[in-house]
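Next come two complexes, and both contain subunit A; in the first it sits with subunit B, in the second with subunit C.
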Partner chain A sequence: MKTSRMLGLVMIAPAAIMILLFFLMPVVLTGVFSMTNMTTATGISGGAYQIAPHSLNDLKSAMPEIAEQMSQPRYTIDEVGLKAVEGLGLDPGIATELRAKHMGEVFPSRREVERMIKGLDQRPSTPDVKKISEQFNRSVVNSRFSSKEELFSVLDTLGFTLTDGQKNSVADVTYTGWNWTTENFSRIVSSPDMARVLFNTLLYVALVLVLFNTTYAMLLAIWTHYMPSAPATIFRSIWLLPRITPVVIYVLMWKWLAWDTGFISVLMGKFGYEPKNYMLDNAYNAWVFVVLINGFIGASMGMLVFSSALKAIPKSQFFASEVDGASRWQQIRYIILPQMRWPILFVTCYQTLSLLASFNEILLSTRGGPGKATEVWSLAAYHTALNNYAGNLEYGLGAAMALVLVVIGIVLSLGYLRIFNYGTLVSRPLIED
Partner chain B sequence: MAEKSQPSANYSTWPVILALTIVSAPLVLMYVYLFIDTITDTAVGSLIPESFTLRHWRFLWETPAGKPNIWLVTLNTLIFATSVTTVIVLVSSMAGYVLSRLNVPGRGFFLAGVMVLHAFPSVTLIIAIFIVLQMIGLYNSLIGVILVKAAIDLPLGIWLMKGFYDTVPWEIEMAGVVDGASRFRVWRSLVLPQVRPGIMAVGLFSFLTAWSEFILPQVLAPGSKVQVLSVYLSALIADDNNFDFGTFKAVGVFYIIPVLIVYALFHKYLMNIYGGGSKG
Partner chain C sequence: MRILLDNFSKSFGATKVIENMTLEVGHGEMLALLGPSGCGKSTTLFAICGIHRPTGGRILFGDRDVTDLPSQARNIGVVFQSYALYPHMTVAENIGFPLKVKGMATADIRKEVDRISGLVHIGNLLGRRPAELSGGQQQRVALARALVRKPDVLLLDEPLANLDAKLRLEMRSEIRRIQRETGITAILVTHDQVEAMSMCDRIAIMKEGEIVQIATPAEMYSDPRTAFVAGFLGNPPITFLRGVMANGVFSIPDSEIRVPLPASVAAAEGAKLMLGVRPEHFTPTGDIAVPGKVMFAETQGRENLYDVRLNGGPLLRSIQPVRHDVNIDDAVTWAIDSRNVLVFDDDGRRL
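After this line comes the complex of A and B, so read on.
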């Protein structure tokens, strides 16, 4: 008992660790990231506090006075400024007196600091006053702080009198990192673009599933069924090609077919039609190609599943029906199709999920275009979070979109587990040591 | 595979062969032209090639500016595919045995989990995985993308291996245990040789899907030092300045040949897996 249990745990550990790290953790993290506003701008690790002009603009509506104060330069008599004054080559008494009498003082405007400098014992000339005052200019605009505490302490030394609440709102508008938010979901629900994408997704899954993954696959299975074995094998191999061909090459071949110098253009040119890109010419054509490209891949799985199910039907049923004079159509209708319910259900369940999630083929063929005509949900998530022309990648929003698919995926695959009754597949070990 | 005898003596077969030939024609055409176009030149507006040329294959001995060397890319692809295959075969041949034979707590739960994960569309996790790899510093490295690809294909591998182990008779193991061998020894020396076809099938399948994989390397390791053939080819196609279908197709043929060889030699192993439901 002990040894087999230990051995079992050791042998299953690598699988468990890999699944935990690269499956379950990403599932959880998709949920976590979907609750943030991470973008390229905020970065993925923590951010900093930067008092940028636009953050002051944000502040203006809530705290107009403070925003105004912060946008103005302030003058602080500090060590750095004094060193700079000493370096100006003026009378050394100026710096000494400033250090002795005014160290640490803050002046909210240029006028006030200059009045103070003019009042010094050395009586510097007006151009010198300007030079000196400039050394103490400590504007907070465009300065960057790595933590909240640093920001607050600088604000304090510059003499801003802020309440804790005001400080926090300053921190909020100047923070460049990401925050927790539920906005992603409300954006998904309210955006008209998303509604369009949702419609595209449903249309895409339904068309490919109904036309190719089941109907056309069934047609292929039945055709090859009514055929001598040699041609049947050849045709099955041909129809498996789209699945085994690396997707980049497979889509390249379709592009060649549809391109404005491609096969269809040349062929139609013989009949006097202008060459054009048949794939991206209009939304209708794009849809035809998207469905065909995915359908040809999807057909192979259904074909194999249905073929093996067809083979399981006892030959005697076909012979008996022929003796009774059944036509081929009647054989299909009354013998084959009723026995295909289970395989069709299996293929439908399986392919729905992979169609919902896969965007390889659409990305490589139409990129969701023309416009956004063929943009489906998973591709939109990819475009939002990982690749778009604007360059600002919205990881948070993309993760929220992916989370929708993740949840659908988990719910459906748990459902399939019940439908296909996988509980019976675990047998009790016969050796107990 | 195919039927030994005709399912029907009453009907002629040529109408179905004709129908299937017609619907298969576009597919056959695309593949035929894929090969022909790489070694011929065709005049604009014509479909018949007119002269033989090898210039589309220049990419093998010339590296265009701004593109990585094709042999480096091929080496990366080979490293990627073989590493993924090795990891999947090793891990799933152990885990499959445990799920099939050994008494481990939570075995049924784990098996159900594997089934759910197999049906689960793992490509939806790519955004989270991208962020995680950036955080832990494995972004733009082959190791990162190898581990991710192996983990994603692992549930299918475990599931298939469990199925192969299920067909091994218990008597073999019992004999080994009676002779005093440990369970590990029994697995290693007696059971593993019995499931060689399974290891073969899982290995071949993993190799082919890793060799063909596009979106994971594209997102997780796009850098020119770690580029694989799929990313290289798609970048070539996306580059509007050098638009040349002949070269695209030559790279495509270069890329697809190993796949076709493996498929031609071993398609019996693979048929079972593709029929059992693979992703795509």
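After this line comes the complex of A and C, so read on.
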């Protein structure tokens, strides 16, 4: 018994590793990313420290004086500057005197350094004073440091006197890398754009599910049930085509149908209408196409499930209901539909999950447009994290959006498993091992 | 209500199942369609239901031609072999279904369901679902559903086939009782001759899509028209001896067996004949003694059954009151009751 258990573990190990790598890890990483503010700008590895104008703005409220000082240029008499002065081709005595008398001094403003230069024995002309002072301009604005320590030492040499707390605040605002944060979730909750996307998602799932995945699928199943078997098979196969056609080609055919030189435009042209892109012309049209494109794919699964469930109803029940006097409609209403409860529930559950997660048809057809009219949650997450016009991909926010979807999916799945009484399906076998 | 099948034919594609069959069932009569599987008895029943449309001929209920009417318009009650109860409905809903689809008021349905469930003794089960019923109870529900709308005709398709032996016995008399009480015209399809004989006023015995004989059970047993009919009725079944007409008596070549034939039998000298001997007519008390050896013995409690191999090869079956003096391999000399033998020609036609 023990060895058989061991063997079982060994046999299942490859599958378990696969699950770990390709299912669990992405979820865990999504969770990790969602707690950061990673973007294209921050990169996904560590960042540097840069005293950018916007970081000084951020500092202003906490440390107005220091922010002000940092935004102004500082003048330090250092070797680099002296070398540069020597290269200006002025009286060499100037550089020599500066090195001898003022080496290492820091002046908080241009006025003060120029006053010092004017006071030199070798007094330069006024235009030269400007040239010389410019060589010692050591502004920290827009300078970049690869580590905290470098930032602090430069601040020290430039004569800023900062406490440790202040230093850390400066480091925080000037850091260009990513940080841990829960801001993504508060953004999701508070943003009106997100509310709109959520509404779109619910509309999309509800329309496709109710109109096509269940109702239309049921109609197809019942129609084909009452057809002779040969035409029924043909009819079913036709409705499977959207499912088995590669999705890119399938959607491309819809685009050919709808765009301004496509079938609808040509047809409507005969009646004197201007050609236009019927799919993206307005939000209403876009929704019609999105629902149709997904619905035609989704209907086939329900059709198959319902058809097989219909086949499972014994023929004698149909005979019995006929001799009992039931019309075809009454047969559907009282005999078929009540026995379709579980298949309907199953298809509803399954398709809700797959609709929530799927966006490829929308991406290929409307790209969420026009505007953001057909942007659904998963597509929005994709646009946020992986592909958008602005070019600043917000991995953190996108991951947070994906995580919301994952959580919804897990909660729904657990709920469904409960409804379907999954426990009884996997209960311990009566035969002992 | 009288049922008439007039020149009825049914084929599926190229397969002809029934050809030009004519059958009349009298008002209030219960008729059995009896035959082996594949004989067309269920096809006939389904055509009367309206589930199958006839390919030729007419079907009349009373004077009404229902040939082209759908099942819904025929006012029939059917009990299917599998009962075909609706699993998602309670017993009361199952029974009330034919009335519900007619649009009857709920209170009236309730009243009718109570009446009919009293008749078939299931008044205490109305709240249950079919899955919670035993086979016999399901059978009663199916019967109640078939009868609730007072159909012109009751059709029973192998109604007892799915029951165990004891229940079968019970339901046999129950169905007959209910049919008598309601006075309904009924057709029973079965392959079991005991059911047919015990439940029905008349039996129509079918073979390969044709009715071979229609008669009351007693007539059919004592006066079968063919060897097939004789072989189909009776349990344990009849045995046949093959021989020829020689010097006015039935004789088996290469054996001593000679059986004088009833005066009514007219057969030419030398004609090949089949002699049907029912087990109860081969006993120690007959008039034509034949020696043989007991090959098989079976006790059935009240009676014993023996297979006896006659000298010369043929086998005869005997049923006798229980006795303990005869065992397998014993030599016995029992006798055929020559007044009760059934004589058939070589094709199985009764002479």
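The rule is short, and it goes like this: the second predicted complex is superposed on the first by the 348 of 433 C-alpha atoms of A that agree within 3 Å, B and C clash if a C-alpha of one lies under 4 Å from a C-alpha of the other, contacts with A are read in each partner's own complex, and residues count from 1 in each chain.
Just so we're on the same page, a contact is a pair of C-beta atoms (placed from the backbone, for glycine too) under 8 Å apart; a residue touches a chain by one contact, two chains touch by 3 or more.
None of the values given here were measured: they were computed from a predicted structure.
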Practice problem: Please indicate which partner A:83 is in contact with in the superposed arrangement: first for subunit B, second for subunit C, both, or neither. | Solution: neither
Quiz item: Does subunit A have more residues touched by subunit B or by subunit C?
Solution: B
Quiz item: First (subunit B), second (subunit C), both or neither: which does A:338 touch?
Solution: second
Quiz item: Which of the two partners, first being subunit B and second being subunit C, lies in contact with A:322: first, second, both, or neither?
Solution: both
Exercise. Would you check which partner chain A:330 touches, where first means subunit B only, second means subunit C only, and both and neither mean what they say?
Key: second
Quiz item: Should A:314 be classified as contacting the first partner (subunit B), the second (subunit C), both, or neither?
Solution: second
Practice problem: Pick one for A:144: touches subunit B only (first), subunit C only (second), both, or neither. | Solution: neither
Exercise. For A:115, decide between first (touching subunit B), second (touching subunit C), both and neither.
Key: neither
Quiz item: Is A:238 contacted by the first partner subunit B, the second partner subunit C, both or neither?
Solution: first
Quiz item: Taking the two structures together, which residues of subunit A meet both subunit B and subunit C?
Solution: 322
Self-check item: Complex contact set, residues of subunit A against subunit C
Solution: 314, 316-317, 319-327, 330, 334-335, 338-339
Practice problem: Please name which positions on subunit A make contact with subunit B in the complex. | Solution: 1, 3-5, 7-9, 11-12, 14-16, 18-19, 21-23, 25-27, 29-30, 33, 38, 44-45, 220, 223-233, 235-249, 252-257, 259, 261-263, 266-267, 269, 296-298, 300-301, 304-305, 307-308, 311, 315, 318, 322, 328, 331, 346, 349-350, 353-354, 356-360, 363-364, 378, 381-382, 385-387, 395, 398-399, 402, 405-406, 409-410, 412-414, 416-417, 422-423, 425-427, 429-433
Quiz item: Which residues of subunit B touch subunit A in their complex?
Solution: 1-11, 13, 16-17, 19-20, 24, 26-31, 33-34, 37, 44-47, 87, 90-92, 94-95, 97-99, 101-105, 107-108, 110-113, 115-117, 119-132, 134-135, 147-148, 150-152, 154-155, 158, 166, 170, 173-174, 177, 182-184, 208, 211-212, 214-215, 219, 229-230, 233-234, 237, 245, 248-249, 252, 255-256, 259-260, 263, 267, 270-271, 274-275, 277-280
Practice problem: Report the residues of subunit C in contact with subunit A in the complex, numbered from low to high. | Solution: 46, 49-51, 70-72, 74-78, 80-82, 84, 86-89, 97-98, 100-102, 145, 149
